[in-house]
Amino acid sequence: MSHSVAFLGLGAIGAPMAARLAAAGHALTIWNRTAGRASASEAAAGGARVAPSATAAIAAADVVITCLPESRDVAALLDETALDAFRAGSILVDCTSGDPATSRVIAQRLAARDVAFVDAPVSGGVVGAVAGTLTVMVGGESAHLERVRPILEAFAGKIVHCGAIGAGHALKAVNNALLALHVWSTAEALATAQAAGVDPAITLDVINASSGRSNASMNLFPERVLTGAFPRTFRLALLDKDARIAAGIARDAALPAPTLQLAADLMAVAHRELGEEADHVEAVRVVERWMRTELRG
Amino acid sequence: MSHSVAFLGLGAIGAPMAARLAAAGHALTIWNRTAGRASASEAAAGGARVAPSATAAIAAADVVITCLPESRDVAALLDETALDAFRAGSILVDCTSGDPATSRVIAQRLAARDVAFVDAPVSGGVVGAVAGTLTVMVGGESAHLERVRPILEAFAGKIVHCGAIGAGHALKAVNNALLALHVWSTAEALATAQAAGVDPAITLDVINASSGRSNASMNLFPERVLTGAFPRTFRLALLDKDARIAAGIARDAALPAPTLQLAADLMAVAHRELGEEADHVEAVRVVERWMRTELRG
Amino acid sequence: MSHSVAFLGLGAIGAPMAARLAAAGHALTIWNRTAGRASASEAAAGGARVAPSATAAIAAADVVITCLPESRDVAALLDETALDAFRAGSILVDCTSGDPATSRVIAQRLAARDVAFVDAPVSGGVVGAVAGTLTVMVGGESAHLERVRPILEAFAGKIVHCGAIGAGHALKAVNNALLALHVWSTAEALATAQAAGVDPAITLDVINASSGRSNASMNLFPERVLTGAFPRTFRLALLDKDARIAAGIARDAALPAPTLQLAADLMAVAHRELGEEADHVEAVRVVERWMRTELRG
Amino acid sequence: MSHSVAFLGLGAIGAPMAARLAAAGHALTIWNRTAGRASASEAAAGGARVAPSATAAIAAADVVITCLPESRDVAALLDETALDAFRAGSILVDCTSGDPATSRVIAQRLAARDVAFVDAPVSGGVVGAVAGTLTVMVGGESAHLERVRPILEAFAGKIVHCGAIGAGHALKAVNNALLALHVWSTAEALATAQAAGVDPAITLDVINASSGRSNASMNLFPERVLTGAFPRTFRLALLDKDARIAAGIARDAALPAPTLQLAADLMAVAHRELGEEADHVEAVRVVERWMRTELRG
């Protein structure tokens, strides 16, 4: 079965995802709030049609994919006009790293118009999107996932059915909350050992051969912190949002999750201190400032 | 140069370390508080002499190695009689996972008797001790480390000079504080996603292919938590102590380290709730109790 | 102007509030989930009519007052049948210690039926309810507050207009989160000083003459903790809920509030450990257990 | 019995304490690191002799009183020369807000020279020092306290024997840790309610009539925060130090005290962000910055 697909939101991750959909031969319509990004995109070069509005893109598709900063952006996009534009029997695949509560509200509104919904946030970064090796975490009905699986395969290396609507968002959020916590805690550990006279490079080397290691310590600190490089690959503002979603799920479920709550608060502080453009690993700079040191080596 | 070596403390890690020293042909005297453990040890079988007292063992050696639960045990062992038993020009190698402040006091007392000191905690567990692949983290003077390096090589796969006295203890402590935090935070993450409908096995699988992974999530949770096996390999009481040391270093140095402080408090609570014999991974049981769930799958 | 008033929820606080409304001469209809509590109530003895159902009570009144454990109880009560029973032009005064988000949803549903809403949680306890000296924190339109002010005055000593819908709930929640935090932190302080050799009664006496004092230290600890009396006046389960609401407001607003988050998590743990019937001050028992002491004197 | 008294450390609190000792007719010798402060002091005007060195002051007295920023300042003052200057049978009364561990070391050194020690930190601020109404928290032997009680009465309104050496310091530290926590948590509460639409002045007014009130909310916030006055009466750097002492006592005693630990970390951060001269209530400015608001009204 051939689908017509709409892709809304050509950000750092969305743009290469759309490019892969175009390259896979899907009939693709794209839209982006800043229209210039759509017409200049690799997807457009690859044959995607640029829609003049989100509503026009939605109206043209059986499968609508959104990839926006937050769930509230998705909700804001789906005003009455946009909701009315969905074809009956179509499906919204929300690749936003969003929150389960908002997704459940969106899904209800769509269901009233006979439109299905799955949340489908991705991990793997820009590199994974370009390579088509993203992990896609899907929340929603299995039948809905199966309908869109061939489309997701254009950019997915792994597709995981996580549970009901919102389950994909929840899983993405807790993974990123752990990332946030590990970045911060590793910085605290290096600075604390440094206060006892240990060079950060030595501490990191030993941790990475021992039980305290994490993706943060093995991949982010050697390349980005000790070098002082701090490349901007994933915005702290987005990691702050993800950690907040994870902490919010625990809070709303009346679950005591003190480490996730602390991670969320520390990310909120770092985001406030470092601004909108800072990379997520730059949260380490706040630890450095508070501890009056630099973790280079 | 041939050394006479004394090894004090034949616990879970100490016993195989001593066995390797005996096997390497060092003139070895061993002692353990519970004397039966010494005479029944593999080291004794391998030729080590069992001393009737710690003082006798100390008096017989150029190199004294201690491997006790805490620094205060080392300090308690080194009463005036024991201190007087050290040979002038000898060295104490403290393999205890101890704390820098106590080690500095011990080192001062020994220096007044012309005895050198290095702290040399190890990582790698019982498996590493048996295989002789432990990582040894050494704090103290380089010259002192070089004197004992041939002896350490009997059980070490890697020897790292970390800095001045206490630096080895500090590095071991912060590594273990990270381990403690990651065990706890991964449990919170699995339980929070579970509250949003995601099976813990799925969450763990995705995290382990993504940015939130750690040694805890990759090695401990699949084999020990999801299976419910919880083997007893490293006591929670000791991890509690290590996390407390790391948090104490930060506190004494006036460094704000909120994630290390929280890790230490959560370990203290878990230790209190689960008792002296619980394994460190069983801290997860406290998260499970507070969140009214079990993380099996 | 004379109002007909319905009062739904005759719990520990609700019952004396209703009794005061009856005594003040309002035409009062009462309802309680457990019907026996309504017919046996002081309000009924004072002339209130006992309604056979919530819907019947709602249908009989211009002013409907709810006083339930949580906002979700209010939302659950207001099913379609109950919503349809409201008289056009009537008003719901929700004295529940609820949460702003749920109240805003409830208010929207009522507004669609031309029914006004104010949130109006109270403080002052059972004593204040009996004496008619409660502080009432009102969120909603001023005009709506003025309509019901004469009715609130039956049990209020002080009526405070806090802001828009939900503002009353928010203020009640943050006050109670502070109470929760202060109960816990005072226990930690007494136990920590005790570890340094200070009798809890001495610590409390000095704190209460100094800058660390709070309502918790001045009123709750002398009478309830040091005596071991722990009377049951306000359930920990409810304080847990209030602290969770406060922490949730901060989280949803992306505000880093680490002390409120920690207070909420500690209350959740204490609630889990001590059960549904424990008094809020009994949270101290968890601190005592973790610190292996008793704060008596 | 008439005593000769030395007073070392004429800071904000020490200066009026010394002045009261002079006015009470004690034979008083004073010393201050910045000598000009001593000669220009009210105590000097009242008849106190200005010593040329700490050692000279110590040598001249039966009772030596220290009032310095931290215990390490006291320890640094008491070098070998100064220790040798103490008269046998004399006593050191340390009014510093110090830490128990350092005080125990100091006491040991003094005991070896037949000099007694009591820790005797004070609360009540400059106002209390001028008025002679300070609360003095004494750790040490009862007999030692009785020896110096007539001298303490020159500036004390209340003298409390807290326990053994260090008990006074511990009590002072936990009181101030509570103060620190309550300042911060009240700011979080006001900002959180503000996010739900409640004016900070209204929130504060209701809290102060309700169960969440504290010395911070009743005395500090109305006069200093809502007005924006932030007078400099007690340095944040000192409150940071006190909170760190309290948290350190708990940590060293292996007691989980998460709220005290968090208070200490937040004070360390605020101290780092606001500098050495900031007043303790200015910690609220950090909450305001993180929450992007101002708590005025």
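Note that the chains take the letters A, B, C and D in the order they are written out, and that residue 1 is the start of every chain.
The rule is short, and it goes like this: contacts are C-beta pairs under 8 Å (C-beta built on N, C-alpha and C of every residue); 3 or more make two chains touch, one makes a residue touch a chain.
Note that the structure is predicted; figures quoted are calculated from it, not measured.
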item: Contact-richer chain pair [A-B vs A-D]; value: A-B
item: Chain at maximum distance from chain C, centres defined as averaged CA atoms; value: B
item: Chain centre separation (chain A, chain B; CA means) in Å; value: 39
item: Between chain A and chain D, centroid-to-centroid distance (C-alpha), Å; value: 49
item: Residues of chain D touching at least two other chains; value: 255-258, 262, 266, 268-269, 272, 290
item: Residue numbers on chain A that touch chain B, as the complex places them; value: 100, 123-124, 135, 137, 139, 158, 160, 162-164, 166-167, 169-171, 174-179, 181-182, 184-186, 188-193, 195-199, 202-203, 205-207, 209-217, 246, 249-250, 253, 255-260, 262-263, 266, 290-291
item: Residues of chain C that touch chain B when the two form their complex; value: 258, 268-269, 272, 289-290, 292
item: List of chain B residues in touch with chain D within their complex; value: 240, 244, 247-248, 251-252, 254-258, 261-262, 264-266, 268-269, 272
